[in-house]
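Here come two complexes built around chain A, the first alongside chain B, the second alongside chain C.
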Partner chain A sequence: MFGKKRVAIVGAGVTLFRRNLKETGKELAYHAAKMALEQAGMELRDIKSVVLGSAPDAFDGVHMKGEYLADGAGAYHKPYMRVFVGGGTGVFAPLAGWWHVASGQFDTCLVVCEEKMSSCFPHPQYAFTTIFDPILERPIGMNLIWIFALEMHRYMHKHNIKKEDIALVSVKNKRNALDNPIAQLGANITVEDVLNSEIMAWPVQRLDVSPTSDGAAAVVLVSEDVAKEVTDNPVWIDGVGWCIDSTHWTNRDLYYPDYVEYAARMAYKMAGIKNPPKEIDVAEPYDPFDYKELHHMEGLLLCRKGEAPKLTREGVTQRDGDLPICPSGGLLGCGNPIAAAGLMKVCEIFWQLRGEAGKRQVPGDPRTGIAQAWGDLMQYGSVIVLRR
Partner chain B sequence: MSVKIKHFPGEEIETRDFREGRVLFESFRPKARYAWSAGIAISRFLEELKNGRILASTCSKCGRIMVPPRIYCEKCFKPTDGWTYVKDTGVINTFSVSFIASDASRLKEPIVVAVIELDGASEGMGIVHLIDEYGDWRELKIGMRVQAVWKPPEERTGAITDIKYFKPVRE
Partner chain C sequence: MSRVAIVGVGCVGFKPVTPELSFKELMFEAAVKAYEDAGGLNPRKDIDVFVTCAEDYLEGFSIFDEFVPDQLGAAMRPLFTVSGDGMLGLATACMLIKTGQFDTVVVEAHSKASDILTYIDIVQFGLDPVFNRPLGGHPYYVAGLEMTRYLYETDTTEEQCAQVVVKNRGNAIFNPYAAYGANITIEQVMCSERLFHPLKKLEISTPADGCIVMVLASEEVAKKLTDRPVWVRGVGWCTETPSLETRDWTRAVYTRLAAEMAYREAKITNPWRDIDFAEIHDLFAYKELQHMEALKLCDYGEAGKLTEDGLTSLDGELPVNPSGGLLGMGYGLEASGLQKVLEVVLQLRGEAGARQLDDVEVGLAHTWRGVPTATGVVAILSNVE
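On to the complex of A and B.
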């Protein structure tokens, strides 16, 4: 037993993911939080603590975004904190919620993630310029897409991976998203469509990348005692892990995310998982770019280094394959409202384990699932293991 | 996305709402300027760039020769022990050919950016910089040898841009 109390998820909520939504960030947070509470059969007065996750303030152009969003997240007159670890935020927020409850300090915790990227013009990518070192990197004209391209190219080089194999991830996830009612970019596309799409920063092309989006997601976490009162169908948080690597990103070999492996090992140890590919039934690794799904499958020890493209080619990662990966459609298909996208993955695993995923339901009565997010300067990994 | 949920909230704003002026814009350009401290290690590094030299720092415990230099070793969590120069030549560790600017607008001519592992630094120790004088970008390869192209001494300001870019070395 890790922590003083076992922690369950008893409700989840997600808004539509779209390029532009009319709702404000607060309104989106409210909708997701309300949906999660209703699913849990609970009300705000049952909630003892609130955790909010959201990415850089520069997207919204509103400073102190945590405070700005608090009312919508249901935090009025409650213990409240915002967490932020870049793109890793969406899975880190429920980890922070976990320690609120596991510590025994609170019986319940509402976890809400929100992102509104549409406010920033001409493009939210510009808001990322300030993540780079101001003395050594920004004078060169650094650009967010570059670091992904540098990492993707290194990964391809190290294992001699072809772009065709990476493109299969985009094809799969966009197709999976056709069955997702919240998805922004569900589509039937081909490998050729990906290979012929506009070059952004070689080897990254337009259809290798998830879109920018608005959206929110939420989950309700409760202690075991409360879970027994409110549901017959709890989903347990059996493993949590998180880890950061150095900001000296040009001093690391980008072909493999060690920090994701360390986060995964921490979570697996807690969950008693010794053979991840055998013991994990469904996974939602972070896929803001198609190669990232492969990179993360390897970091999560779901296969050997360099083996993820082969599993993808063989259909193992399809929804009806032996190891379904991103049955939700992932960020490539659903959209990428950063923190909300990570938490959406946790919601998807929750619904998959409860058998509520409808057309997206993976076969075989899944019992164990994981979600993972990734961020900052290619250096942060957050992992959660869920079981029913 | 549970089958028990029939309605997922969210009202979409469409492209034509922007085009037809139904979206409120408020522009804000802060007049903030920043005087970032370069720090103890990087100040020395920048001073040496003016002299056309690339400075690294060393850790006697893990044995690494580190560039960019630092005053503490993040692995051993102790002060670094010395300074040394590394060469202005090296190999391309990874690179990208960018057709977009940092605001996501299209570039007419691509920019090539790379992580360059410098000769004399520990294995895998690179810096990020631009590549130019490469001819056709399709000819560029990971593992290719490159050399720094410096600004003339009188134009150097003690900035990373004192190196204009790296260029492939034909061997």
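On to the complex of A and C.
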């Protein structure tokens, strides 16, 4: 069930995630790419193709941002392309890297994700006002917090979920992030702190939300032949999946992300996973808001619909629980430089499976992990299955 | 390596304006045509992956990907955006099929240029925000400077560049998909306004609206769907550098490297002999000549002379841009690569009507991403297995 060639990740790198970094986007891309190449023990001249992921051009005010970032990402004189699926880009970019190698077209591919949100002044939320339909929705003056509030409300209502249970996700992820050197908002907070934080758009409060951020991440993908030469410890990409729902988000029931389930089923089928909760040892679902982690756990079939809050309350998703979720600290703890945050999740699974996650290492010698991101207008799921 | 064929094409446009159709309707119409052309496919069941090629600023959205699935029949299906030219989507489709996981892939690219009120301001936003943009001025001056350098280094004449315009707009008269076919003379081109010295008004392609959708399939499926598949023998793509200061200004290195990659895969050793005709990116007239040389279809500095001698005209030895090129069809923004591929497919199928070339077996399609980029894609297509 694999491509003509099996594809391995052999190196990963993530820069600091911060609200306002001095480095330009090109420099961030360079730093992440350099770290990933160093871990792989490879040089830029070994790289045969480059894939870039980055979210809207409007953040940077640069048209064709992929072209602009090309030299920073190491694409000089190389086959290079940028893929873009909104917030799902971070996990989607390594999927694009996968087919560069699995097709037999190249035996190495450098995947770089970069985000520089601080150059969007005064706040990147303004860039998001133009993701809506220009006739039906933009005149209302919507922003992202509103639509997340709608979705969160619907999810809470459908399963009768208390805000206290959702707040536990924020508490867990921000605490996990204390052990992550890149993290922007690692903290020891309590459920009370979340419930007492500023209300943005009910039921979304300040501490339910991940912060905007600058940062970059990169991974090196190689074919099986090259993997054997450069490492004893490759992590294989065994499943890829992605799916987009209709543009008309107002017509669907927001309580459950069907598109994530479709993407997960595509990836599980490729990886031969039949019983996800049993066969998956560690997961990094997308958590730009705390309820989204729960929402996506259900979409990824890691538990039944409406059951994710219960697992969280019982500590199953803690780093030492039966099914560790977001051991990196996730977006809530590490920050949310959109495309880079998604690829950071893939890097985290890579390090967890190699036993290189340091203080964040989950116990029990994990062998299979997944990362997932979500994007566009509440309509995109991208999923990757990694195995040691 | 498994082989990939183009089994269906659909095109709407190209027209100077399309007030009667939204971008979604353009895409829908082209998609329906392509699915029918491929033997009546149902996109909800028969297509494995959808690739759309678009840039946010040209669409006026921050995440254009959102607005794509429904009109292609791709809702709740695997779809994604390549932020680039349609031919990068074609390259992606080939890779997807070669993984062995997918049998049918759809590629879409379009232009709704008439909706863009400030196209040049958008191009301006493509310049480096620190080093280049603050200098001000129209971004096409970059092309004017490059043309100056190219003419100086290669002894190509301005009249030879003008000849490209005469040829391409003349070819476009025979192309129903072309917006700007015309009988013009070298004198008219030479007398047109010098907008970005030495680049003249008639040497610059005018944007046009349109959409192209293509269906690609693996060898096994292609043979079931159609008896006239067009095989993708090789694809190459390359980015030189975004830096205006350090790139090569005469030789279009990005095109040379992309061509070398495509030729390697297609096992082409002598492009002039092995290739019957070529569709080359001609956003500016001199670019057709510069790209011909980078594609090794002739020696460095020779393209102008060949054009002057008529070797690249419809009845020449190596017809270049029989479609009319972008100068004749209109510049389809991110669809310009697929405009090139479309013509090669139609010629290889023998469906090019009044501009049909005789006995063609191997065609080349080439694209470039326009000012200020240095990214190019080359594909070698053939109607022979």
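One rule holds for everything that comes next: the second predicted complex is superposed on the first by the 388 of 388 C-alpha atoms of A that agree within 3 Å, B and C clash if a C-alpha of one lies under 4 Å from a C-alpha of the other, contacts with A are read in each partner's own complex, and residues count from 1 in each chain.
Everything that follows uses one rule, which is that contacts are C-beta pairs under 8 Å (C-beta built on N, C-alpha and C of every residue); 3 or more make two chains touch, one makes a residue touch a chain.
Everything numeric here is computed off the predicted structure, so don't read it as measured data.
Enquirer: Looking at the overlay, does A:L254 come into contact with chain B only (first), chain C only (second), both, or neither?
Expert: First partner only, chain B.
Enquirer: Between chain B and chain C, whom does A:S246 touch in the aligned arrangement: first, second, both, or neither?
Expert: Touch status of A:S246: both partners.
Enquirer: So, A:A58: does it touch chain B (first), chain C (second), both, or neither?
Expert: In the superposed model, A:A58 contacts chain C only, not chain B.
Enquirer: A:P134 in the overlay: touching chain B, chain C, both, or neither? Say first, second, both or neither.
Expert: Both partners.
Enquirer: Considering only touches as defined above, state whether A:A70 meets chain B (first), chain C (second), both or neither.
Expert: After superposing on A, A:A70 lies in contact with chain C but is clear of chain B.
Enquirer: Does chain B (first) or chain C (second) touch A:V85, or do both, or does neither?
Expert: In the superposition, A:V85 touches chain C alone.
Enquirer: Between chain B (first) and chain C (second), which, if any, makes contact with A:C326: first, second, both or neither?
Expert: neither
Enquirer: Identify the partner contact of A:A339: answer first if only chain B is touched, second if only chain C is, both if each is, neither if none is.
Expert: In the superposition, A:A339 touches no partner, neither chain B nor chain C.
Enquirer: Touching chain B and also chain C: which chain A residues?
Expert: 61, 134, 246, 248
Enquirer: Which residues of chain A touch chain B in their complex?
Expert: 12-23, 28, 31, 35, 39, 61, 118, 121-123, 125-126, 129, 134-137, 139-146, 149-151, 153-154, 157, 180-182, 198-204, 214-215, 246, 248, 250-254, 328, 347-348, 351, 354, 356-358, 360
Enquirer: Name, in rising order, each residue of chain C that touches chain A in their complex.
Expert: Within the complex, chain C contacts chain A at residues 1-2, 55-57, 60-63, 65-70, 74-84, 88, 91-92, 94-101, 122-126, 128-130, 236-243, 253, 257-258, 261, 369, 372-373, 375.
Enquirer: Flag every residue of chain B that touches chain A in the complex, lowest number first.
Expert: That would be residues 1-5, 8-14, 17-18, 25, 28, 34, 36, 38-39, 42, 46, 66, 68, 70, 74, 93-105, 110-111, 113-115, 124-130, 137, 142, 159-161 of chain B.
Enquirer: Spell out the residues on chain A that touch chain C in their complex, using ranges where they run on.
Expert: 3-4, 24, 55-58, 60-71, 75-86, 92, 96, 98-100, 102-105, 127-128, 130-131, 133-134, 241-248, 258-259, 262-263, 266, 270, 375-377, 379-380
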